[in-house]
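Scrolling down, you'll hit the structures one after another.
Note that chain A is present in both complexes that follow, paired respectively with chain B and with chain C.
And now, the complex of A and B:
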């Protein structure tokens, strides 16, 4: 698509080149043609350099320094990087983040798909329910976490414990139990994000041609069978896309750990970003925090590259 | 049936939040069904609005949200147009640099930005949360995609009539790409209003907290649960209203980009 546009507008450009007017004239005509571009793009690029490029490069330099807030910083080579491999809490935080992803990704995708199927089935008030399922996506973590704190409070007064009591389950500790806290945080994220995976799946479902289902119906396939044989495989690009974005999102998880558990109990909910935050802004060790941020970047980069490789060619979705 | 059950489960937390905001109760004294309304009172809200900090937090959130929203819409429109339709030296290079930079997680930039803003004297100033958010790459990408679909003939016809670049943009591209630009605005609103991580780091003075950090500072404090929920409700209302009126743009835009 891009190529076509390029050819169309380049035709007059070629003409100008043949005549080759003096340089000043050419600059003038370029300015006349593209003044808007330069007026907008120059400040934007300066802004881009200051707030994206310089911090990105500076952060990398930081990983080789012993940065001091007061006084001069010294070059320490790879010391900060080697610290990473001896730091048990750092490794635990990376592991926690991976565990969190495992708890969170598949349920979010499954719930999103179920919600999309429900909405697609065209029951009354579709628009209303679409809104209801999407509402948590636009709500701040602080608001949701505030409610979650009570729903999952580890005493008998907590709402979830109250519901469990009807099934004869003993009150659970939830956020104060190191084997359950991460699950509760994953639950919060599932609740908050599945509305957006629903939208992706909904878009995917609409692109499946109706006559495929009709053909299956004529062949006597049940609803369940036509889902497994037609819908599910045809959604493959959406599965992949949703998988990538939920994975990237899950590695950046911070808000719920900060709000609900503070990384505890016993570091069981300390995620990469949460640990980065404590190292950087509680311990004020900026250099080591920069190393951790590069670990995060490396993970996300690999995931994004897989995505690019897969989506680079033909997907109109991205 | 499943639909109503799921719908109810999704709404219940919000219902509990709103109902408990009318209750005066502390966290420790809660019972599982305390939120069922009887004897509601507005005291929690009265308490909040008499509290100077709370009003200030809301005001701060408004400041750091409104300016980026309009600025991001403006720049996404113009830059989207430039990258979709203008020919200039380095266009592809600049655009693909932008697309590559999207992969950098914002958490990576936070430490160097903190050091930088300390030198600028931007810690505890609105600039630290406004200036970096004046435009967003994702919005440019979204609007560019949309504008590439606008027929070139319209553009050419306007130029025949003697319109210059900015007029073509103003009269043709901006109105036609309005859905995409509105999507950028709604996204900018949600991401700035809800942001916790950045203000948590750049704002150390209680007076400069936005509502997210302000509310977070009251959580976990064994405080009055009713007041907490009243605060959550108040901070939720603007997002809810924006969502109610612009729902279409959220759901369309999310297919084009990726709000997490």
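And now, the complex of A and C:
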């Protein structure tokens, strides 16, 4: 009985609470409570607005304009968007980017994991190997790309061709062959990035409790089995993180095509970012370049959402 | 609450947009350009230049001297020379101009000029030019500064691509460095001999600009890519001969296997494995520096025409300059014979004023190169000149890979160019 009475008397009070005090009062009390937060947050938000939100919104407006650098831009409706569907090279560039991701993501993750396992295995000179594996990450991309170009030179005197000649393989064209060029570029990116995925995996491996391996050993599990039953599943959060960053990285690939092939031969290495760069800064068609950048945004967004839904659910260690 | 904050953000954004929007360039000065020469030239101008050599101190001195010469005639103008790095220069110029915050004079290359001029970004210089002002310029150098019969810039430097031969290879194939090939047939005969002896005949950077690869051959065969009137000529009978020539050289191994996308063949050239390269002043500098073999320089080849590629560097004035009078006068001053001597002595490019070429009187090789600028075309002078290049490149690559005949490749290139030209 008592409970009911209490509830009855509290109900109107609770309703009263919802009536807002005047705005100035609210601002004042909020300011009193959290002034420091706002002081720290405002510069960051201003920066974020100027360099992220405004360009993001303005580039969307750009897609409906015939943007002119000097002079007045005109509104052209959906013309730039409809151009996308007739643009064979844009579609080819998107497809090339997807292919590149296939060539790049899994090998980068696998190689990073293998390198981390090598370091973790406790072989001699661990620190030295860690440094060696990490070296391409800290080396300038231009330098690494230059070395890659030299290694994969398509002439008989090219280094890889010279090595292949010992196995009786004919000289390959590599970057000059439309069926090989993208693979060579993917190889370059794998070489460049595996060092950093190795560090993520290495950190992940350190966090796996040793007693699990000990228990497995007592149960008579082989090294191979304990890798598949313990190490691999327990690295799930790392797998997810590495998968997301390599996927985003693969869709943003630009520098290797820019430096080594110029998108060729026959647009076989033209990726979406490379293509939008040339449309924007070579053809000066910033409006259509903005359309392409929104396509890229949509692709990355959708893939990240899918990955989050299917791979990112269970983040816990156990 | 959410709605309100979005509204506040939106308002802020609109305000920012309004603040960023271009104010119309001052119109007073555009009323009657002809009368400007009489008006007093004063104020301040900003000139964007680039590091033309590796020696910043020397260049600083050079610009001081050039500005001092300008100030002799226009003492009331303050000139700020700013050296902008080459990388991403297009973006830098475009961003600054879009923000109405750019230079009053900047350095441009032939690819940019028609593209910028066609959208009204550049100031027409004809009102500032008097009779005889252009008389001293090499005729070919003015091609790239002219768009639809109007001058948008004045040239300061020129280059000419021509053939550099390795004398040791010439001897190895039993030929005479004193009798270098002058026609396609003669070159072809030498190339065959070089191949026989295990050398490559020529470099071909198929991954680079078409200016240094197929264009010179197209012009030599009497062909053209596209005219200013949008007539596509890349697949006419003459132009196709150039496609055939390149295809033939690739099939027979006269040019290296990786020519489809190579960015350079310096390693093969300096390694003594190549008979000749199509190069310019920078290759001469490299040759003199590396100095591993004797070389000879030949004139551009002649088939139907004797032509080659050679870039032209020019100074232009953006149409939104705050001080167009002083800027235009600066362009005239910096490109006169006296200042070209100063500029090109430091940078080792070829002057575009005929009389300033005397700076190379004591430099035999540069003197020879400077005589070839008369054959040098500055590329495809068209607002879409740069946009069409990847399509042509792609078709040449497809042809070299053996997937298309020269005629098919040329036709496909023509089709792609027409499609690009049809775009708004």
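As a convention for this text, the second predicted complex is superposed on the first by the 253 of 318 C-alpha atoms of A that agree within 3 Å, B and C clash if a C-alpha of one lies under 4 Å from a C-alpha of the other, contacts with A are read in each partner's own complex, and residues count from 1 in each chain.
The rule we apply is simple: contacts are C-beta pairs under 8 Å (C-beta built on N, C-alpha and C of every residue); 3 or more make two chains touch, one makes a residue touch a chain.
Note that the coordinates shown come from a computational prediction; the quantities given were computed from them, not determined experimentally.
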Superposed model, chain A: greater residue contact from chain B or chain C: B
Quick one: is A:58 in contact with chain B, with chain C, with both, or with neither? Answer first, second, both or neither. both
In the overlaid three-chain picture, which partner chain does A:281 touch, first (chain B) or second (chain C), both, or neither? both
Does the superposition put A:157 against chain B (first), chain C (second), both, or neither? both
With the two structures laid over each other on chain A, which partner does A:116 touch: chain B (first), chain C (second), both, or neither? neither
In the superposed arrangement, which partner chain does A:149 touch: chain B (first), chain C (second), both, or neither? both
Can you list the residues of chain A that touch chain B in one structure and chain C in the other? 53-54, 58, 149-150, 153, 156-158, 262, 281
Inside the complex, what are the residues of chain A that reach chain C? 49-50, 53-54, 57-58, 66, 68-72, 76, 79, 83, 149-150, 153-158, 171, 173-178, 181, 260-267, 278, 281-284
Sort out for me which residues of chain B touch chain A in the complex. 2-3, 6-7, 10-11, 13-14, 16-17, 27, 30-33, 75, 78-79, 82, 85-88, 94, 98, 101, 103-105, 107-116, 131-132, 134-135, 148, 152, 165-166, 169, 190, 193-194, 196-197, 200-201, 211-212, 215-216, 219-220, 225, 228-229, 232, 235-236, 239-240, 242-244, 247, 250-251, 254-255, 258-260
As the complex stands, chain A meets chain B at residues 1-2, 5-6, 8-10, 13, 34-38, 40-41, 44-45, 47-48, 51-56, 58-59, 62, 67, 114-115, 118, 123, 129-151, 153, 156-159, 161-162, 191, 193, 196, 199-200, 203, 245-246, 248-249, 251-252, 254-255, 258-259, 262, 273, 276-277, 280-281, 286, 289-290, 293-294, 296-297, 300-301, 304, 317
What residues on chain C touch chain A, complex-wise? 9, 12-13, 16-17, 22, 25, 88, 90-91, 94, 97-98, 115, 119-121, 206-208, 256-263, 267-268, 273, 318-320, 384, 386-387, 390, 393-395, 397-398, 400-401, 423-424
